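Shared between the two complexes below is chain A, which pairs with chain B and chain C, respectively.
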Partner chain A sequence: MKSPLSLTVAIVVGIVILIGYFVPSPSLAAIRTPMLNWAMTLAGIASLVAIINLIFGVHWKRLRESGSKQFFSAVVILSFLVTLTAGIFFGPSDSNYQKVVTAIQVPIETSLMAVLAITLAYSSLRLLQRQHNWMGLLFFLSVILFLVINSGVMAFASDIPILQVLLSGFHNVPVAGARGILLGIALGSLATGIRILIGSDKPYSG
Partner chain B sequence: MQFNADLIWTITSFILTLLVFTYLFGENPVFRFVSALFIGVASGYFAVIIIYQVVLPRLVVPLLEGSLIALIPLVLSGVLLLKLSPRLSRFGNVSMAYLVGAGAAIAIGGAVLGTLFGQIKGAIAAFEPQINAAGISPVLLILEGGFLLLGTLATLTYFNFGAKNTANMGPRRGLIAAIFAWIGKFFIAITLGAVFAGVLTAAITALVERSDFILQTIKGFLR
Partner chain C sequence: MSGFEPLIGILLVISFSALVILFSLKRIRTKHPPVFRKIIAIQKLRRSIGLAVEDGTRIHVSLGSANLIDPSNTSALVGLSSLHRIGQLTSTSDLPPISTSGNGGLLILGQDVLSQISVETNTRELYDPQHAQMTGVTPFSYAVGTMEAMSDSGINANVFIGNFGPEAGLLCDASEGKQAFTLAASDSVTSQSIFYAMSDDTLIGEELFALPAYLAYHSTHQASLRVQDIFRVLVGIVLVTGSILKIFGLI
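What follows is the complex of A and B.
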């Protein structure tokens, strides 16, 4: 056993929070609520650790190495420091600060999404070229069908009963598939969670 | 054209949009510059949000108000910061264990109460006439519910990779499981196609919006 303290903390915290879902006891809630609040605080601090590691662990180190990546790491560090300093000085709710951040973030995010449209269309065509099996073909036909349905071209179908039944049937196929996939994910999460709570998996001991 | 702060930010947005669109000609230094800028600004903004919404109100303010219980998350947070040092990172394992334990419990609760119960209820509801739209014949309702149930079970079976070891041909699924898994593949291909079409529709919408923004900005400059 590598660290009995970490194992005990994970099991006790997990079991107390889990029992709270199924046992509505006020005395249990008095322990569980602050425990959940501490977990939220720790999640925020963990994100901060990740950001510090990205900036000073990865990009700062790259800045000291020679190579073409130096310039881009300098851009990351500089833009991070300017945004952080301005944010701490003015506060995140300051309207000018918000305007500057969104004027940079929103166009880049939306443009990346727009570029994704072309990249996805190109990659799906390449997938069809390479996957010469019925599943690849079915996937491609499904994409075409749902793109047509999503576009609103089939709006006239509401006047034709047979077409309406057919479209409803088409819609049911992904509903059933998505339900199966969601149940699979839930069962997987359940199994992984239980393995952590009984101490079989210790992803925190790295 | 009047020169004001809004115009500066419109020009900034216009230039950034064009720089991102250079990716259509392949990976290039201009696109990498915009990506680096995006990462820096996004992480800086996220850090500010964490400081103002987590560190100050949840750790600093309660401590200044004299709450001793605030020492527990403060100590756990301090220990978690040791994860930044390769030599001291093992001391941060306790905080990570706390996070993982709480996360596992939340995941189990969400999976059982949110997904498992919810989706099973949804599968049952497909057979209930009072929940479904009036006027549908019971036979059609059973057929539709049965089709949904078959799809759900077949998809689940596809993800079950348990197999029996046969003498000559190695591990193989049982006959019923193999049939269900084959049907499951059909449902999965169509579901992933529908999801892909949804993502593509959202991306095309963004493409139309950005193209319109570029055109309107150029028109504005020419006026």
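What follows is the complex of A and C.
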């Protein structure tokens, strides 16, 4: 153990926040609320540090090195400086500023979403080739089944009581499956939190 | 929140912590050693780590874009533990692992973990803070930046572990394009389904939290895995009992 101080601070703060969640006492809230506000402020500062690191640590460094990616790094730095200057000059809530930023960002992200849709469709077709087991087959059949059910082809089922019950049963299957997965995730999250709380897992040095 | 919920929560946290500490004790571990089922994806990761050391290639760990003040950050914290362990295992290589993320807090923690590894393994001269990067702020910019980072510097394996959205598909596709080994795990149901469809090796559900224990990290990881199993059985029993009681109209 290199620094018991940072570990002690982390454990004490973690315990105070946790107790404050379970015990709604005004005196605990008076300690807990400023701590959570500090955490939010620190997260904001961390984002700023990360952006500066991305621009000056990664792209600026790349500009000074020879390579094919110099042009892209120059575009990134230039775009960043223009956006930053305009943001400081007009303010981030300015409607014209927001319009220009979203007019650039939305089409780019939509194009990426389109690429993703095609990639996913292609991968789904290749799924059986990749997953040579019954789980792969089950996954593939489920995808087909739910695509058919949700496409509206089965709309006539609303007139047939047995089919309606069957379809409603099918609709509950993914919910039950997701619940099972989320239960495991919740227990895993609890375990991770407790490991940090008892100081055995330390994602920070100091 | 009903009157009983805080009490149940406190009891759960205390009993979970007590069991984790109990199972971490050396006496218990030697008397009742943990037995893990085989997870092929993790075995392949271990092989990739060995290959990276032999070939002089690099492992890339992507931590997703979870916010540290959000409940979804636990998957990224598991990613950081895995990064630490992978860094220890590849310490004999000339190329330490690199880490990418979509959040400022994760960048700082990633740099800190890489720095810790270099101190622990006496490889301070190989440490470069730029080996941990925040590649983008929005999910898609993060994905594109990560794809670019993956195209650099001879990576032989990509480990995607953290909170991802649909952009996970682009990452898997890029990794496959580079013919690199891909291990994917997330706490998000959406990205788990995308990973399952697009990656050869996916960790589903709680398997994500088992990764550090399978890589033989701290004894508490193995202990918490055992406690998770115990609690899963208990929750299952409670759910089934509740359903039976509900059927008979007793609750």
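Everything that follows uses one rule, which is that the second predicted complex is superposed on the first by the 205 of 206 C-alpha atoms of A that agree within 3 Å, B and C clash if a C-alpha of one lies under 4 Å from a C-alpha of the other, contacts with A are read in each partner's own complex, and residues count from 1 in each chain.
The rule is short, and it goes like this: a contact is a pair of C-beta atoms (placed from the backbone, for glycine too) under 8 Å apart; a residue touches a chain by one contact, two chains touch by 3 or more.
No experiment lies behind these values; they were computed from the predicted model shown.
In the superposed model, A:K61 lies in contact with chain C only, and not with chain B.
Using the contact criterion defined above for the overlaid structures, shared-chain residue A:V9 touches chain B, although it does not reach chain C. In the superposed pair of complexes, A:V23 makes contact with chain C only, with no contact to chain B. Looking at the shared chain after the overlay, A:S123 reaches chain C, while chain B stays out of its contact range.
Once chain A of one complex is fitted onto chain A of the other, the partner contacts of A:N37 are limited to chain B, with no touch recorded for chain C. By the touch criterion defined above, A:I160 lies against neither chain B nor chain C after alignment on the C-alpha atoms of chain A. Using the contact criterion defined above for the overlaid structures, shared-chain residue A:S200 touches chain C, although it does not reach chain B.
Comparing chain B with chain C, the partner in contact with more residues of chain A is B. Looking at chain A, you'll find residues 18, 21, 36, 39-40, 42-43, 45-49, 51, 53-54, 57, 72, 105, 108-109, 112-113, 115-116, 120, 124, 139, 178, 180-185, 187, 189-190, 192-194, 196-197, 203-205 touch chain B in one structure and chain C in the other. Taken together, the chain A residues at the contact with chain C in this complex read 18, 21-24, 36, 39-40, 42-43, 45-51, 53-54, 57-58, 61, 69, 72, 105, 108-109, 112-113, 115-116, 119-120, 123-124, 127, 130-131, 139, 178, 180-185, 187-198, 200-201, 203-205. Residues of chain C touching chain A in their complex: 6, 9-10, 12-13, 16-17, 20-21, 24, 67-69, 71, 74-75, 77-78, 80-81, 103-105, 107-109, 112-113, 115-116, 129-130, 133-135, 137-138, 140, 143-145, 148, 166-167, 169-170, 172-173, 187, 189, 192, 194, 196-198, 200, 204-206, 208-210, 218, 220-221, 224-225, 227-228, 231-232, 235. Listing the residues of chain A that touch chain B in their complex gives 3, 5-7, 9-18, 21, 34-49, 51-55, 57, 71-73, 75-84, 87-88, 91-92, 99-101, 103-118, 120-121, 124, 135, 138-147, 150-151, 169, 172-187, 189-190, 192-194, 196-197, 202-206.
Against chain A, the residues of chain B that register as touching in their complex are 5, 9, 12-14, 16-17, 20-21, 23-24, 32-55, 58-59, 69, 72-73, 76-77, 80-81, 83-84, 90, 93-116, 119-120, 122-123, 144, 147-156, 158-159, 184-204, 206-207, 209-211, 213.
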